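Okay, got some structures for you below.
Look at the two complexes coming up: chain A is in both, with chain B in one and chain C in the other.
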Partner chain A sequence: MKRYFEIYLKFLAQHLKRMLQYRSDFLIGAGSFLFIQASGILFMVLIFQQIPDLNGWSLTEMMFLYGYFQLPRGIDHLLTDNIWLIPTKVRRGEIDRYLLRPINPLFQLVIERFQIEAFGELIVGVALMIYTIPLLNIDLTVWTVLLGLLFIILGSLIYTSIKLITASIGFWVINSMPIMTTVYNIADFSKYPTTIFPKVIQYTVTYLIPFAFVSFLPATALLNRSNGLEILLGSVIAVSVLSIAAYRLWVLGLKSYQSVGS
Partner chain B sequence: MIEAKHISKSFVKYEKEKGLIGMIKGFVNAKKVIKKAVDNVSFTIQEGEVIGYIGANGAGKSTTIKMLTGILTPTSGEILVDGIIPYKDRVRNARNIGVVFGQRTQLWWDLPLVESFSILKEIYQVSNEDYKARMEMFEDVLQLSEFIKSPVRTLSLGQRMRADIAASLLHNPKVLYLDEPTIGLDVNAKLKMRQAIKTMNKTFKTTVILTTHDLDDIEELCNRILIIDNGKIIYDGALSDIKTKYGSDTKVSFVLKEAWTDFVDLAHLMEVDPKDIIVKVDEDKLEIGFDKRILSVAHVAQVIMKNYEVTDLKIMETDIESIVSRIYNEGKVNVSND
Partner chain C sequence: MFQTIKPYWAYAKASFTVGFAYRLHILFWVLSDLVQVGVLLLIWIAIYGNSSSTTMQGYTLAQMMMYNLIIYMTASFTYMKPLFDLADDHFDGKVAMSLIKPTKYIYEVFFRNLGNNFVGNIIISLPLMIVLSTLTVTANHGVNFTLGTTILYVFSILLALLISFFSNFIFATMVFVTDATFGMMQLNEAVVRIFSGSLIPLSFFPGWLKTIAYILPYASVYTVPTLILMNRYTNSELWINLGIQLAWAIGLIIGANLIWSVIITKMKVHGG
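Entry: the complex of A and B
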């Protein structure tokens, strides 16, 4: 465990060094993310000039939800973005190297990349939290803060697990990118109250591909619209099932990995 | 140290038919084609041996190496490397081995070389003293310092290969697998590479398995060779044995004054069986291959010169290159006709 931690730190130091070296790259990357987010928020503000509330959600609450959504997404994006490359690496035989070193292959894969552009999402998320929380009736008790942080961690794990599941399909299917992007885009529903969508979508994002646990359901809990403990329990179950399934699938993929001719 | 028992590896490919209908058909029920890349291969390798693993392109060398290193699971058969089944216990096996694939670096593309080494030191938990001693040795043999601060992606092929071999040796592995470690290297770089391999083998009794298409590597380094053809081992033994067996092969090539057109039966003229000589003709060039124990160079030259006007003549004794080429062509090693 200590060894893993030290290896991680070494990579982190290198990534940060590179970030400083290519400062402009980082600024452009994070800037473009900021821009995408800003236009998303602007869109919401414009809609709310026409209507007072959306299915019982005020503009401020919507903005809270939108910001909260960015946090687990940003963390997942920052730390585990290399999982996206699994299908490509399988196709090119680049998984070989992970199988030749005496540390966990998934760990090796993940630490190779640190997606600093994700700071764009994190900055927006934090800014919206700072702006909206004082305007909402959220009691900042130890419990709510703890719950909020816990949901963020669980939410990132949901993201990562779903990403790993779809990426591992690449061990068996040559072009799995469409599956990955489709599933990943379903997460966008969780940016808004899922109750505004048809039932099919609500059920899908709650039980099937449970992105609702990433931000919508936690937000209802934090806004005192639902029972925090229930949502937490649901989230823990979702994370357990998904992460075990994801890791199993990845290991199964490694077993059937055929490399390439060389 | 290494024991392979009847290992085979098959790859499944789905053959697609041409055209739109073929595509649809393939979608519903693609034709399964099974390619046996390695076919019932067995061998035992002792500690400290340096094995040359050779064979034509596509013979199954890399596939074997990938099974030995634990990347691929054999379709059938069993492998033990230092008592460990590599593809079942990858992490434990990985501590004992060093691997270089000449085609592709194992290092981190964007990291400066020195950082890669420091991360590998952590991964394999190499002590500070060992690390220092080994880096000094690498410096002696491979001269890494001129590019050690550069990111791996900026290294030239030869530099990268030197870096890769150093990386594979950092933790002093018991077994070293080298799949084409000298591919694309210049003469000097090849010498350095061989020197590094020799040094490790001498100093630490490292067991080495080496695949290469450069037979000088084999002559320089290996005391035993395995030849694989179409997935099957066709020879396992000393290089010297093959040399004595095939070393009597000789070729004489003539340049004639006029193109050779009369197609006379040369075997008849030389009073030997037609299968004892190999004749190749290209306009005015005539090449005759034979076994020195059956025919003498003098006799062959005499017969040809008596019948044709010869402007030039060259005698070629067999080198290891042509021996191996002959074995690849025949797909077997003749041990019987001694």
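Entry: the complex of A and C
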């Protein structure tokens, strides 16, 4: 465990050095993420010029939800973005070298990349939190803060697990990238209160591809619209099932992995 | 004229062949787009459900949904992404090779993109056009495609295609200065999304934001063809907007050529 930690720090130091070298790429990358987020916020602001609330959600609450959505997404983005490359690496036979070293292959793969552009998402998320929380009736007790942080960690685990599952399909099909993107886009439903969507979609994002546990359901808990403990329990169950399934599938994929020539 | 264009068709044909070989791949990308469009349509249904009036900024719910579908179709008809080509050629040092060819680099990239664009037209845009036309004919969605609007739409799309390519080309040349491919790509997409009208109809914008949108060329790529097909312009507005499109197309072609001629004198190519 200590060894893994040391290796991680070494990699992190390398990434930071590289970031300092390609400063403009980092700044433009993070800036562009800010811009993309701004478009989502702009959409909500313009919409609320036309309507007083959206199925009982005010603009401030919507912005809180939108900001909260960015946090687990940003963390997952920052730390495990290299999972996106699994389908490509399988196709090109580049998984070999992870199998040759005496360290967990998934760990090696994940630490290869540190997606610093994700700070764009994290900055927007934190800024929206700071802006909306004083305006909303959220009592900042130790319990709510702890609950909020816990949900963020669980939420990023949900993201990572779903990403790993869809990426691991790449061991059996030629290119699972479009599947990954399609499933990843479904997370967009969780940017808004899922209750505004038809029942089919509500069930899908709660039980089948549980993106609702990433931001919508935790947000209802933090806004005192639902029972925090129930949501926490559901989230823990979802994370356990998904992460075990994801890791199993990845290991299974590694077993069936055959390299390519040269 | 024909003789000068002829050699460039080879580029278009080549990229068309490559693109068409991956048609299944493109279909999957359409699937992921569908999720996004679907989310948007469902949000609009919810939004109109919460409104006391049946129209917003002159759009009924049915018209708003048509607007979103048509602007998605317009986006795929005018899809031109020279940034990929420029970044690839820049980092591989291939620009040097293009400079010794008797064809001009800027038009080489244009025709490469055109080939790809045709693949998208066959797989996405044209089928969507047929579906939407059927929809407007069979039921009243507050939008009627007539022969006249369709012809004007095609004409407007051709101009939009030029504006789309040359404005994105100018944007893409910044890759040579910043070396930031991923960042520039995201930034380009974000700016286009906000100011083209694909996020929300520009009539929802407050005045100052609308002004910015009309100073930039992106409204001419997305909003103008879309509103022409939806028959939302009066006669004079129609000709003014087509005129603006034409001015943009000519201005951007000249601008892109000027910028490019400056860049090739400054560019350093390593290896290749």
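Just so it is clear, the second predicted complex is superposed on the first by the 262 of 262 C-alpha atoms of A that agree within 3 Å, B and C clash if a C-alpha of one lies under 4 Å from a C-alpha of the other, contacts with A are read in each partner's own complex, and residues count from 1 in each chain.
The working rule: a residue touches a chain if its C-beta (ideal position, glycine included) is under 8 Å from a C-beta of that chain, and two chains touch if they have at least 3 such contacts.
In this text the structure is predicted, and so the values were computed from the model without any measurement.
Trainee: So in the superposed three-chain picture, is A:Ile123 touching just chain B, just chain C, both, or none of them (first/second/both/neither)?
Mentor: Touch status of A:Ile123: no partner.
Trainee: State whether A:Gln14 touches chain B only (first), chain C only (second), both chains, or neither.
Mentor: In the superposition, A:Gln14 contacts chain B only.
Trainee: For A:Leu46, using the defined touch cut-off, is the partner it touches chain B, chain C, both, or neither? Pick first, second, both or neither.
Mentor: In the superposed model, A:Leu46 contacts chain C only, not chain B.
Trainee: Quick one: name whichever of chain B and chain C touches more residues of chain A.
Mentor: Comparing touch counts on chain A for chain B and chain C gives C.
Trainee: Which holds for A:Val236: it touches chain B only (first), chain C only (second), both, or neither?
Mentor: neither
Trainee: With both complexes overlaid on chain A, does A:Ser32 touch chain B (first), chain C (second), both or neither?
Mentor: The answer is second: A:Ser32 touches chain C but not chain B.
Trainee: Touch test for A:Gln258: chain B only (first), chain C only (second), both, or neither?
Mentor: first
Trainee: Pick out the shared contact residues on chain A: the ones touching chain B in one complex and chain C in the other.
Mentor: No residue sits in both footprints.
Trainee: Touching residues of chain A toward chain C in the complex: what are they?
Mentor: Chain A residues touching chain C: 22, 24-33, 35-36, 38-39, 42-43, 46-47, 49-55, 117, 175, 178-179, 181-182, 185-186, 188-189, 192, 196-198, 201.
Trainee: Show which residues of chain B lie in contact with chain A when the two form their complex.
Mentor: So the residues of chain B in touch with chain A come to 11, 58, 62-63, 66, 69-73, 90-92, 94-95, 97, 99, 101, 103-104, 106, 108, 110-111, 115, 118-119, 122-125, 179.
Trainee: Show me the residue ranges of chain A that touch chain B in the complex, using the header's touch definition.
Mentor: Its residues touching chain B are 3, 6-7, 10-11, 14, 18, 93-94, 96-97, 99-104, 112, 255, 257-259, 261-262.
Trainee: Going by the contact rule set out above, which residues of chain C touch chain A in the complex?
Mentor: Contact set of chain C toward chain A: 25, 28-29, 31-32, 35-36, 39, 42-43, 46-47, 49-51, 56-57, 178-184, 186-187, 189-191, 193-194, 199-200, 204-205.
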